[in-house]
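One structure, as structure tokens, below. Some questions next.
Which chain is which? They are A, B, C, D, E, F, G and H, in the order written, and residues in each are numbered from 1.
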Amino acid sequence: MDPERLRGLLEAVREGRVAPEAALETLAQAPFVQTANGRIDVHRALRQGLPEVIYGAAKTAAQIVEAMRALAAHGQPALATRVPADVAERVRAVLPECEYVADARLLCFGSPAAARTDLGSVLVVCAGTADLPVAREAHEVARRFGNKVELLADVGVAGLHRLLASLELLRAARVVIAVAGMEGALPSVVAGLVAAPVIAVPTSVGYGASFGGVSALLAMLNSCAPNVAVVNIDNGFSAAALATLINRT
Amino acid sequence: MDPERLRGLLEAVREGRVAPEAALETLAQAPFVQTANGRIDVHRALRQGLPEVIYGAAKTAAQIVEAMRALAAHGQPALATRVPADVAERVRAVLPECEYVADARLLCFGSPAAARTDLGSVLVVCAGTADLPVAREAHEVARRFGNKVELLADVGVAGLHRLLASLELLRAARVVIAVAGMEGALPSVVAGLVAAPVIAVPTSVGYGASFGGVSALLAMLNSCAPNVAVVNIDNGFSAAALATLINRT
Amino acid sequence: MDPERLRGLLEAVREGRVAPEAALETLAQAPFVQTANGRIDVHRALRQGLPEVIYGAAKTAAQIVEAMRALAAHGQPALATRVPADVAERVRAVLPECEYVADARLLCFGSPAAARTDLGSVLVVCAGTADLPVAREAHEVARRFGNKVELLADVGVAGLHRLLASLELLRAARVVIAVAGMEGALPSVVAGLVAAPVIAVPTSVGYGASFGGVSALLAMLNSCAPNVAVVNIDNGFSAAALATLINRT
Amino acid sequence: MDPERLRGLLEAVREGRVAPEAALETLAQAPFVQTANGRIDVHRALRQGLPEVIYGAAKTAAQIVEAMRALAAHGQPALATRVPADVAERVRAVLPECEYVADARLLCFGSPAAARTDLGSVLVVCAGTADLPVAREAHEVARRFGNKVELLADVGVAGLHRLLASLELLRAARVVIAVAGMEGALPSVVAGLVAAPVIAVPTSVGYGASFGGVSALLAMLNSCAPNVAVVNIDNGFSAAALATLINRT
Amino acid sequence: MDPERLRGLLEAVREGRVAPEAALETLAQAPFVQTANGRIDVHRALRQGLPEVIYGAAKTAAQIVEAMRALAAHGQPALATRVPADVAERVRAVLPECEYVADARLLCFGSPAAARTDLGSVLVVCAGTADLPVAREAHEVARRFGNKVELLADVGVAGLHRLLASLELLRAARVVIAVAGMEGALPSVVAGLVAAPVIAVPTSVGYGASFGGVSALLAMLNSCAPNVAVVNIDNGFSAAALATLINRT
Amino acid sequence: MDPERLRGLLEAVREGRVAPEAALETLAQAPFVQTANGRIDVHRALRQGLPEVIYGAAKTAAQIVEAMRALAAHGQPALATRVPADVAERVRAVLPECEYVADARLLCFGSPAAARTDLGSVLVVCAGTADLPVAREAHEVARRFGNKVELLADVGVAGLHRLLASLELLRAARVVIAVAGMEGALPSVVAGLVAAPVIAVPTSVGYGASFGGVSALLAMLNSCAPNVAVVNIDNGFSAAALATLINRT
Amino acid sequence: MDPERLRGLLEAVREGRVAPEAALETLAQAPFVQTANGRIDVHRALRQGLPEVIYGAAKTAAQIVEAMRALAAHGQPALATRVPADVAERVRAVLPECEYVADARLLCFGSPAAARTDLGSVLVVCAGTADLPVAREAHEVARRFGNKVELLADVGVAGLHRLLASLELLRAARVVIAVAGMEGALPSVVAGLVAAPVIAVPTSVGYGASFGGVSALLAMLNSCAPNVAVVNIDNGFSAAALATLINRT
Amino acid sequence: MDPERLRGLLEAVREGRVAPEAALETLAQAPFVQTANGRIDVHRALRQGLPEVIYGAAKTAAQIVEAMRALAAHGQPALATRVPADVAERVRAVLPECEYVADARLLCFGSPAAARTDLGSVLVVCAGTADLPVAREAHEVARRFGNKVELLADVGVAGLHRLLASLELLRAARVVIAVAGMEGALPSVVAGLVAAPVIAVPTSVGYGASFGGVSALLAMLNSCAPNVAVVNIDNGFSAAALATLINRT
């Protein structure tokens, strides 16, 4: 798929170093490992700059163990998101070197990347304490992907002074991740105060007509500030991955 | 229906001053006037403190004229909302004493009530210039119902300084009407700054996923501020009527 | 944020009584208390006329205890809404002076405000017995915020005589809170009978196409009566807070 | 399909009066007439007690003419609903004996059925003047199908006295058709006052969050009165057809 | 409210037999009984022809007992719908003369009305066995309200012969109640085969895009047959109540 | 219903071999078996080419046993879908010859059809491991209906190389079943690579704004590839049934 | 992309007949033609068995002309769907050899494929005359793609006899395309009568709660018949393309 | 609001150089210009790094002229989005130095920023020619904001080779803007091929169940690739603004 590797391979074929059939096989099968339950993409760190991360919500402990081992065997750090505490326990019974970050529901294998000192910082802000699990997922993932990260919690728009009190922190960030449920107004207000891109994460916090985060999601999509983009409801992980790519030069 | 009037009527029946059949008829038919096209509620000003107002959007000029005449014949000021300019022209050809307030789409018959000096003020704030027609409807109706009213436009949340520059005006109001489309965050932010009740009016301004005002409506219903209540999309009139009732002692 | 306080502070800076850095710090940090889990807004009673209230639905007992203590330490009454019975028990094990009002799911710390005799009364009406928890939340919060309050239950529109039998009570209220699920018609009918503002609270009561309160919510937003505004589904608390602000002169 | 006719046909086959092939053909093709554009069901009056009615909204004048002629050729009265004025003109240019009832958008061929004196009456009530086109469709169709019909307009729930003034009329009806837009509360209130079945017709009248009649539709489906059933938005015709079948002994 | 009773009462006032205050009180309070938890409408059988029925889904055993006793004390049969088995057990521990019809989730107090021989029959048809609980609710309620009732189950439209095999039963009914989930096509097909009114009951049976009965509900509202009206999802009770009123002469 | 059988029957009537009444009865009752709980369609294999399959999700073990026995008694293989493990256990306690395929939630009675060697193959592809239960239902049902089937898992579109590595398998299929949740893009991508019809099955896998599969469903319906058709969310069974009919010559 | 071609190319490289750079270029650029406005896929007929078809709804006449010429230049027949009459006229002014099939909104260049006599037939059925434009699109496209096609119109489920009269035609089809708006029940009923796959096409025909075809779409997705799959609202073209692929051996 | 400026101002007050009242006024009013119709934010370029842009969709020519002049008077380039051609003509009659970019609906005043050679490039990809207006808006705005930009059109996922042919271009971008309607799969596929952040822009292109872009929007929010964030439907402008901020070091 990758033109550079393809060109190299074609050269090798031309020079007779590689047989066409072998080249064909190489082309098609290289970048993943077939396990019993899936095709683990062990080259994503090379291709995309982000390691493959296991979406843990719908997986059994056994499936998570299998995937983590496949990643570890290729020298990649392994990270599983949305892992419930009981599943985490069962994985750790098999892989005791895993660390479980309970409030962020993350299961981690291997050391986090060292924070690169040449990069800017990522700031995670969240509207209320109920939004903390999602904010913490973003915070922890961003940290493990090598960013300097700060978390600023409980700065909802109905008490603006709490947000404005941290204006310097806001303005120092290279990227802001703004997490909010209910009316989802925080990203719009934050985006008007900074010159950085703002990644908005709606949460399912709220009741009645919050519709599990849809109201916040719609508010964020309709932001009158031009520097706001939105990820899925409660998806702190994608926000962190995206912030990492933005934060790199 | 009104116990006081019923009691008086029953007394009259008991004293032989009114026959039972007449009483029955009186009870059932008094408070409206049957016209060709409807039953005009000419006593609403007495019963509710607000005159009957004609919803002009779905009516012909002839229907509006008929309703206005019925109200005027009972000494009531007449007001029609959502009147398109061409319909207004046709009404004014018949009732030239009508005034048409074009930017608020209001057709008015009779003088507005004098602003009562013993009442607080109503403040209408709106997020963008595109919200002005709805804000002006609220503004003009509140004025004609006898309130002191101020209008503060173009103070959307992505440029907070524009709003904060008018903090004194905000805090002086007895009631605030907050009009916004797009992400509908203005009422939440305003409500955190004032001790007054805030009536939120979502507008159909926006594009894409604003869904004709639904996104703003949902945001407002989910406000994390406790002093916000919401009326229908683009319904500046109801906001003004409600503000009038709140503004009275 | 508050211009009056800002002006005073600036005077003090000019007179040399306050250093600029101190003034800056004061400006930014005064009105909240940073706890482990959040920023408690201990000045809201001053700023907004309503004490900060803890939204208890998504909080642990420990988080509620922490927030209550921060409020109490600043001399504020503390109130937590949507507290499940088991969480309330755990809070009361730590703070036995708390009172738990089970049918309204309220956890209260400190005495309620005395009913101000110079204010009008708040009337809570609800359509069916299934709406009672929400109506009781509104009722109890309004009482604790210092209002005279009445509760009129089981007066749904399919048996109008039950509502009309209490017409005098309806007409005596300064504000009406109308709570209903299913078709949500009660606020429209009530609003036609009174000259007071009506705050409509849709409830999630109903089945099938009630969609957890959405049908009632839509009906209330579309009320043909002009004196109706709506809060979120099941949000008795906001209705009470708003009624309190309206009820004050 | 009809067992009685099938039995007769089978008898005829057994007695040799009809050949099997002819019987088969009869069975399959009898009850409709194939035209260029459709299969007109000319026997529906026999089978269902209601004549076939042409849904005129999406048809050309030529298609309506063709269908009307097919019905007329079989001795049936022909009725087309939702016919715009300009299409009606073009049909009447070809079939001048057609009558066009403009406010109900009905195009009629042949005399209406005489009102049967042995039947009860159908009452059409509607909330506002904007609901009149739908109410008139119900009214006019019910009349042409042989019912005694009354129309009571402008009796919305925010002015209950207008409705209660006609309580006798309401209680005299064998079936009530209740037509309303906006919050759609009228059928619930009416149904609590009568012992008759109530057919609720939501209309697309309203603005903002009325969503073209969806809010009224949902309110009606969630009626707390047990004697309400609902037809499609703006579907006055079906309400009238159903009322006709109910009104028959 | 009732003009006839009002006239009699006014006569009594005129003749001095009743004092005006007493009359007023009578007017307002007669038709319900105030209990601890609600206002039981004990005169509904007189006013509407259907006894008050207790919606059991959201009530405690104690509330059901209280309401049943209030009804029984006024000589009315008492019926509670949507009663879960465990709640029913607790009610029967207090009121052992209650009968619980488990598959229809009905709790009944007092004998059902005898089937009136002068009335037509009600036919309940349902598409699949999964729809049976709703169909049985309709069936059992209709029977207890004095109708002859038949139940025809498992006649979904993807096996038309199963329905057509019962054509005579279909055509003999005065009213048909058609119960279906999934695509909700049964009422349209049935309505094309009979001359009776068809009450359609969507059920929440189905998965994926059935959306808890919404798909079936929409299909029924859009029926191309004119003799279909719809009640709420899973609402077998209302269908039976309505069928009872239709079935009476 | 079937014209050929009807013609034969009519011949028999004409020749006196069958009495009309008997013919009528035959016509109406033949193709199903009335059990206590339903009408089992035992001739569907003849009529439709697919055996009747029991939808097990909403059925008790007893109902499944009854239906399986009715099918088995007519020589048909019996298959129940969506059977939870505990229900399966209870059925197997009565019918121990049943096989339970746990990961596909299928309960099977009788041997699967032998794979017909004259037919093409069915390929089931799925995007992630979380989609496997639905993919396995499709896979197992297709196998038991006599198709050659392959299953290709974990080939989501964000790692295209995993899909392209199996291009030969994709292009060899007579029909492709593409199973995906989240953004539902797999069928579009697959459909652009093959000349076969693609049956898209959205799954309820995802979180936040996946809305239980609605997002995937909508994406699939809007596919820019012309060779995609869609079945209900999570409905692997229908996809397999449809693929079977397509796969036959 | 295609392994066979890739293998050939690699062989050529190995043998020195093709330089690696040339091979790379060939791989990436072969199967489309870059025009001013797009990348026309001129090899789709080879790759997918269906020619590239131009979606004409959102294109100017000039864009359609450009795309048609690019296709024609590669010897492919060109077909544009959803072409409004005025746009068609403008295209035909430039390419007079184009044929415009007005009722199907198709613009065709080149002769249709001859119907292959070795294939089965495609049957298009539609519920009402208002569904004809969509049905005709399916009909005409299927014909031009080389299928034997029949069209059976106006066979809605509320008059089942009209459908059953054509049972032989239904049962003779290799594939059925069932087109319906309103309640969308036709595909379910048809699917129960045939052993062929049924492609359901919802149409936007209907009013009120048909929601532009959503009700029909949902009904079709929830079909209780297993042999139904669904395409987008009004998408007769995809149904025909899919039927073509199914119809081939 | 800005702490740095606030500190400077406080210093000036302390030193007596600025009077407190003047300071207060400065704080509140500086950063916008009050015009007849709004408050133009003329300092946004300083504060946010992006100039204020006029949302032209809902504005008259006069309002656009007024806003452009206010911006130009402060030395800012002025840009209006979503300007219809006729409005643009009227603006250019007054401000002939404006340039109108018709296919992007942009009205521009002043020269675009020179492309900064030290920055990466922005790549705009779009799925079909119908998505071009939105893609061009993003393209043109990004160019005028000083980015190197490329536009790659007509690379929808159903013909993957067209996209893969431009893999080098994709991989060279610092940010990718992916524009697509219909099933909205393009951003997911692109995001799997690059290591850059991907901003997804759903368009309202499509028909039937595309719901004006909602289907594409949902697909994009549910992307299984972690490096995708989404802006509002058709909002090419925000995507470009965001890409500009990301593209800066």
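Just so it is clear, contacts are C-beta pairs under 8 Å (C-beta built on N, C-alpha and C of every residue); 3 or more make two chains touch, one makes a residue touch a chain.
Quick caveat: nothing in here was measured; it's all calculated off a predicted structure.
Visitor: When you check each chain against subunit C and subunit G, which touch both of them?
Guide: Chains that touch both subunit C and subunit G, as defined above, are A, D, E, H.
Visitor: Would you mind checking the shortest number of contact hops between subunit A and subunit D?
Guide: Shortest path length, in steps: 2.
Visitor: For the copies subunit D and subunit F, give the interface type as same if over half of its residue numbers appear on both sides, and as different if under half do.
Guide: Copies use mostly the same positions to touch.
Visitor: Given the two chain pairs E-G and E-F, which is bridged by the higher number of C-beta pairs in contact?
Guide: E-G
Visitor: Report the inter-chain centroid distance for subunit G and subunit H in whole angstrom, where each centroid is the mean of the CA atoms.
Guide: Distance between chain centres, rounded to whole Å: 38 Å.
Visitor: Based only on mean CA positions, could you tell me how far subunit A sits from subunit E in angstrom?
Guide: About 53 Å, centre to centre.
Visitor: Averaging only over C-alpha atoms, locate the centres of subunit B and subunit F and give their separation in whole Å.
Guide: That pair's centroid distance is 58 Å.
Visitor: Where the centres are mean C-alpha positions, what is the separation of subunit A from subunit B, in Å?
Guide: 48
Visitor: If a residue has to touch 2 or more other chains to count, which residues of subunit E qualify?
Guide: Subunit E, residues with two or more chain partners: 1, 3, 28, 128, 159-160, 164, 167, 192-193, 208-210, 214, 217, 221-223, 232-233.
Visitor: Write out all the pairs of touching chains, ordered by chain label.
Guide: Chains touch in the following pairs: A-B, A-C, A-F, A-G, A-H, B-C, B-D, B-E, B-H, C-D, C-E, C-H, D-E, D-F, D-G, E-F, E-G, F-G, F-H, G-H.
Visitor: So in the complex, which bits of subunit G are touching subunit F?
Guide: 1-3, 47-50, 53, 164, 167-168, 192-197, 199, 217, 221-223, 226-233, 237-239, 241-242, 245-246, 249
Visitor: Can you check the complex and tell me which residues of subunit A touch subunit C?
Guide: On the subunit A side, the touching residues are 128-130, 132, 153-155, 159-162, 164-167, 205, 207-210.
Visitor: What residues on subunit F touch subunit D, complex-wise?
Guide: 3, 6-7, 10-11, 13-14, 16, 19-21, 23-24, 27-28
Visitor: Mind listing the subunit F positions that touch subunit H in their complex?
Guide: That would be residues 127-128, 156-160, 182-185, 188-189, 191-193, 206, 208-211, 214-216, 218-225 of subunit F.
Visitor: Inside the complex, what are the residues of subunit C that reach subunit A?
Guide: The touching residues are 1, 28-32, 37-39, 41, 44, 55, 57-59, 63, 82, 202, 204, 213-214, 217, 232-235.
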